[in-house]
Structure formats: structure tokens, C-alpha cells
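Order as written gives the chain letters A, B, C, D, E, F, G, H, I and J; numbering starts at 1 within each chain.
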């Protein structure tokens, strides 16, 4: 099932630069693994913001929470989740 | 280029039922034509709301506005637009 | 899976009183059928408001949307949905 | 009587990791004791957030405040309380 | 137990003047009866607004909801409820 | 004349514990002196929050500001003031 | 004592034009009488809005409410009141 | 001097279609006259909305209010005004 | 021309007390000089808040920005500006 | 294509003054280079705020994001983007 997730990253200004880079690299690696596994189905940057809009394809809300809460940037993100479902007018098979 | 569009439908309570049905049928037909043409790339229902989240693939903001303002339900919708761009961590070719 | 749903009823002031009573009776009947089926797991009134807080136990967001959009009062309600999952500290078996 | 409580945890970024772990362990222990006593009747995680939605069964608003203000994470939580009452359509005996 | 209640009256502009006057007179009579019974403990006008701030002394949230939902102006009011409890610094015996 | 005042306390997380205790003790002492003098007429805790709702009986807005700005916790509080006046339906002599 | 008052006029779109003109003329007459009496001390238009910002000099919040609630446009206005007091840095004698 | 103005058009749903067309034609004519005179310096559509963002070059706030309040669509628009001034980093002569 | 300005002071909690006092003294001196020059026409304290409401009489938005941005407390204030103009009902000559 | 961008600068209070000056100088240099290249088409200060309103002329949302995210002050700014398009009533050739 699909969930619409917005993530906004808010680093503290006094964060150690090296730690921030390592966190971002870890986040990218985990994000790409989840994309390859089909869990993180879409990932877009919101223009002008350190934020993304994503579509997750998971087995349950619990699955979604496990995935999101293990992201390396989770402690630094404001996350908003909305449940999606198939639209009666959609003709795209995978807009489930 | 991609735009993230949220549409929320607000029919007046005293609207003629037949007119509402005709508008909804016209909206569905135009929506499916735009999906077939590749302009309305994704279309999801937000669970529990008379609202959708959509991804449009258009040539410009002007193109997007032409498409949205010609929808039969346009006068009855609150629409919010956000410009998207490719995320550096995306591995999906069409998450442009 | 569980969803937290808030429903706020907003009748137009010029609504026909008889129609309003019939809608409320139909809503009550459908609500009680869904409670008996285990889909509408909890239902509470928010003190001082024509509104409720409910917990739904459904198979998917699509199932939730089907249930909510067929409620007789759906056209007159503002509905907000949040996905729940089991809390690591919970000891209640059915707080899934 | 029942109260609907939302708790959102906001740790300062420079918090000592050991202290945070100890606070979370203490919070879990107290939460489970209150659940066993029947005071903290339901406890759910909001998917994607370091936050919960809970139902408390207490003797009075004063009782509720005593319980909440003694939680180890109280100084780090935004808490919102709403009074619930039985819904005329409920068929669940303990949705008091 | 005490609850803090804000009520804001929103009459539709096309409301029949005679009906409005009758509703207001009924509201006043019921309000004064509830004040004499000790249930509606305080009642103040917010300066410049068709709105009041009140303190209710009731047996439970259910009792509060019964009282509020039977007010003649209930269908025309936005109502916000907050549960109060005794403050550790209060010296007033009846600021329970 | 009466004013409705909401005070929400926001201590910085790295505040010295001893200083916080001393400020709270001073606040309590001043609050109780003002209650004895009849200036701080009501004082209630909002359930679940480090916040209060109070009714002040002062000679003028200037008097109110003098009182509030000399509270020991003033630099750590968000304060919201609303002017009250007697409600035409009130039967309580001191709901002035 | 001084109060800062913002008034925003919201006429219903189907209002009778003649009635609207009569109400506006009555409002202007009462406003100018109150200005001559020194009660309505300042009156400014907010650029681009059917709204004003005003300073009232009254004896009490009750006096303010009497004045505002008798304005012919009162039923069509959103009104926000804030209590002012003399600023320690002011050198203007009548910025009381 | 320059002002940044956002205008959002909100027609009532039961508005006479012919009257709406006439108002829009009158609005366009007046808008183009003001553009030719140099008063309405920029005019852009916000993509997806019946709204515009405009830059006005006027002699004073009073001049701006006169212009805006005489627009045929003024009674149907929500208008927000912000005063602009030259930015120290600007190299465009007419970004005054 | 007149502008309505709200200023809210937000000192960081760990600010050096001596520096804060010096900034406040400098602010007061500059404020009084601007009042004597007729630029800062009115200055009121909002009751219960470390905030003021002011009326500035300046030559242009650029003049206003120069004045505000040179205030010693500018880096610690949230400032909101609204352009005013003469109200057709005003009888006060200097409510320009 | 044109985008409307609002940027609000929020420096942390404990920022090193020399670093802040260097960042501002770098920001100014890059801003002026982008203006000369025609990308940053308009740049205005919002009166009374450390904030600007800008119009960017870019090839795509991705181009816009590249430009904004490379600004030296990007980590210290809240940025809001809205897509613009030509207004049917505009007579200005470059209000594209």
C-alpha cells in the first residue's frame, strides 16, 4: 500500500560538518537500497527547499514507521504522512 | 518538468445533483485523456478525503496552468502547486 | 491495520430538518453495523463538539476510504486520517 | 472518564545520549505500570513521528495532570488534551 | 470538576430576526438556570466579540457535553473546551 | 476590571536546575501575594500543560502590564491577554 | 484607557445594495460622533483592504464593548481587540 | 514607490454568469489602462490558482488603496499588500 | 505617509545581561530621537507582552526600512509592517 | 520560465560576526552575478524585514533549485517558491 511522505531536514546550525556529511552519505545509501527493494517508490526534491516528497510502498503503517525511523536523518527531520489509495479515474496500473 | 499538485473538491451543498454528476463524468474523461497523453503522470486519492495528489509532467508553469484551469471541476477546487526536481539520491529514471 | 480518524459534522444552516434526521439515523445504523463487524473499533464524542474521534481497523487505506466515503454524512464532514502502528511500550494486545 | 492525549517528543539535539536512553527506559517502565493499572488505556505510535496518541481513563482532570506531569519525558513533550465522552452511536461497552 | 469553555456565536446573515431573538431569549433563560444550579460557574463576555468565556463545574465530560449540546444556540456556536485542574499556587478554595 | 490571561512556561532545556527552582518559588510567593490582594482573582492549571489560565482584576491595562512584567517567570512565558466584560446573562455579582 | 481595535468588514455577496449603503452611512455618522467625543481616537484604513485599525479611549472594557457592539456594521465585522498601555520610551503625552 | 500585491478571486458559486463575464472584462480593461499608465508595473498569474501577484508603482499607500478599491473585482478579492524597497544587492535600476 | 508596525522582542535566554541592558538603553535613546523628529509618531506597549505597536510617519517604504533596520534591537525583533491610509470617515486631521 | 521566491534570513544569535559578514559579501557577489546573467530578474527588500522577494527566470525547477541551493546564505534561509505564468491581462512583454 502507498503512503505519501514529506520530509524536511532541519540540521542544528552548530552541527559538526563531518558528522553531517557522514549522516547524509548514510541516508543516501539507505535510501537507494530501499528504492532498489521497491519500498521507496518515488523520491523528488521540492524546488528551493532541503526537503523531499516521497511515495512509499509498504505492507502496513508499522512497516512504514520501521523504515522511516531507521533513516539516519530521522532525528533531524519533520515528517508528515498521508495514506493514499487508488483513484477511480486513474488509468496507471501502479498508481495503486 | 514535474509539478506536485493537490486538489481538494468543495461542492456547494445546494448544487444540482445532475449537474454535479455531469461535471464529475467530464472531469474523469479529461483526466484520463491527460493521463494517456502523459501529462497527468500520477493520480492518487487521499484516504478519507474528496481530494487527490497528482504529479503533472508539463512543458512549463503556463502549460500546467492551462491544463488545470480547463478542468471541469476547476471552479470547485482548492489547488496547491509545488515545483519538483530530481533528487540527487533517486535511482528511478523517471523521477525527473 | 489501525487508522485514527477525526470527523467533524458541518450541516448547512438551511438544511431541511427531516432530511437531517434521516441522514443521522442512516449514519447511526451504518456506524453500528461497522462496529459489529469490527471495522469501526472505537467511537468517542469530543466533549462540546459535533465531532467524533474514531479508530478503524481495516485491510488497507483503500478499504478505509471505501468505508468513510459511503457514510451518509460524508458530504457534510471534515475528515482527518492518521495512520497508527503498535507502540513499543504498549502492553495491550489489541493496540495493534 | 476518558481523555484523548497526543504527546510529541522533542529532544534537544545536544542532549546527552546516555541520559536520553535512561529517560526513555524510565518512561517505558512508568507507561507500562500505568497501562497495567488501567489508567493508560490505549497507546499507539503515529506512523512516521516520534509521537503517540493515547487514551487515559482517570478520575478527574487533576488525576490526568498528575499522571502526565510525572512522566519522565514530560519536560520534552508537547501535550494536547481533549475530553471524550460516550457517543450515542457506540455499541462498545468500554468506549465510555 | 472544572472546564474552560469558549463559545463564539455565528448567526447566518439571512436568519429570521424573530427566530434569532427567540433563540437568544431561550439561551439566556437556560444559561441563568444553569448558573443558579452551580453548573455554569462563571460567564464573561469577550470585549468586542459576540463570544463568551465560561467556567463549567460538572460531574464529567459527558455531563459537560449534555449541557452544551442542549443550549439553544449550540448549532450556531464554535465551542472549544479545555480541562482545568487546581493550580498548586492557588489560594482560592473554589479554584478547584 | 477583568482580564483573561493565559501563561505558558517555556524553560530552556539547559537551564540551571537550582535557578529554575528558585524562580518557581519566587513566582509562587508573588502569585499568592497578588491573590491575597485580590488582583489575581482566579488561577487554574490547564490539564497536561505547564500553563495556566488566570483572571486578573486590575485598575487598567497599565496596571495589568506592571503586574505581569514583574513576575519572576515573565521572561520565560508566552502570555496572551483578552479583555473581559460583564455578560448580560450573568447572574454572578462578581463576574464583573 | 486605550485599546487597539482591528475591524474587517465582510458583507454577504447577496446583500441588498440599498441596505448596505444605509448601513455604511449610519456607521460613518456614529464613527464621527464617537471621534468628536474623543472615544474613537484614531481611525486608519489598511491599504488594499475593507478594514481599519483604530485606537479607542474608553473607561473600561465594558465601555469598549458597548461602543463596538452598537456600531451598525458590528454584525458584519470580524473584530480583534488588544489592550494597550503607556510605553516607557514614549515621549508623546497622549500615547497613554 | 513599489508595493507587492497578491489578489485571489473568490466568486460566489451562484453568481450570474453574464455578470461575472462583464466584471472580468471591466477588470481587464482597467488593469490594462493602469499598466499603460505605469501604475500596475508587473502582473503574473500564480500557476494553478485564480490569483495573481502584482507590483504596483504608486505615489503613496493612499494612492494604492484608491487604485485597488476601484477595481471591478475588488468586492470578490482577498488582497494582501506588502511594502517593498530597494535591495542593497540589486543591480536593476528599476527595482526601486 | 503612515505605517503600522508591530515589534516583538525575542532575546536569546543566554544573552549577556549587561549587553542586553546596553542595547535597551540605546534603543530607548534612538526611539526618543525618532519621536522628537516626528518619524515615530506613536508608541504603545501591548499589555502583557514584550512588544509594541507603533505608527511611523516616513517619506517612503525605503525610509521606513532604514529606520527600522538601524534600531539596536532589530536583530532580536519580529517586525510586521502594514501600510495605512486616510479613512474616509476620519475627522482627525493628522490621521493621514 | 518565472518563479516567485521569498527568502527570509535567520542567523543564529551566536554566529561569529566575521563569518556572517563574509557570507553576506559572498551572497551579494553571487546575487549580482546571477542578476547580470538574467537569472535573478528582480530583487526587492520587504520593508522592515531581513527578507526579500525575488523573480527568477530559469530553464526548469531543477535549474532554480541548483541556483538557490548554492547561495551562501541557503542554510540560513527559509525559502518559499511559487510558479508564475503569463497573465492574460498583462501588456508587459517580459511578464512572461
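Just so it is clear, contacts are C-beta pairs under 8 Å (C-beta built on N, C-alpha and C of every residue); 3 or more make two chains touch, one makes a residue touch a chain.
By chain, UniProt protein names: A, B, C, D, E, F, G, H, I, J = Muconolactone Delta-isomerase.
It should be emphasised that the depicted structure is a prediction, and the values quoted were computed from it without experimental measurement.
Counting hops only between chains that touch, chain C reaches chain J in a minimum of 2. The pair with more inter-chain C-beta contacts, choosing from D-E and A-D, is D-E. Averaged C-alpha coordinates give centres for chain D and chain F that are 27 Å from one another.
One finds 44 Å separating the Cα centroids of chain A and chain F.
With centres defined as mean CA coordinates, chain I is found 50 Å away from chain C.
Residue positions of chain H touching 2 or more other chains, listed in rising order: 2-3, 45, 47-48, 61-62, 64-65, 81-86. Because contacts link the chains in a way that matches no line, ring, star or complete pattern, their graph is best described as other. Pairwise, the chains that touch each other are A-B, A-C, A-D, A-J, B-C, B-H, B-J, C-D, C-E, D-E, D-F, E-F, E-G, F-G, F-I, G-H, G-I, H-I, H-J, I-J.
On chain B, the positions that touch chain H within their shared complex are 3, 5, 12, 15, 61-62, 64-65, 68-69, 75-76, 79-81. Within the complex formed with chain B, the chain J residues making contact are 1-3, 60-62, 64-65, 81-86. Taken in their complex, chain B has these residues touching chain A: 2, 4, 27-28, 31-32, 35-36, 41-48, 52-53, 82-92, 95. Note for the complex: chain A touches chain J at residues 11, 13-14, 45, 47-50.
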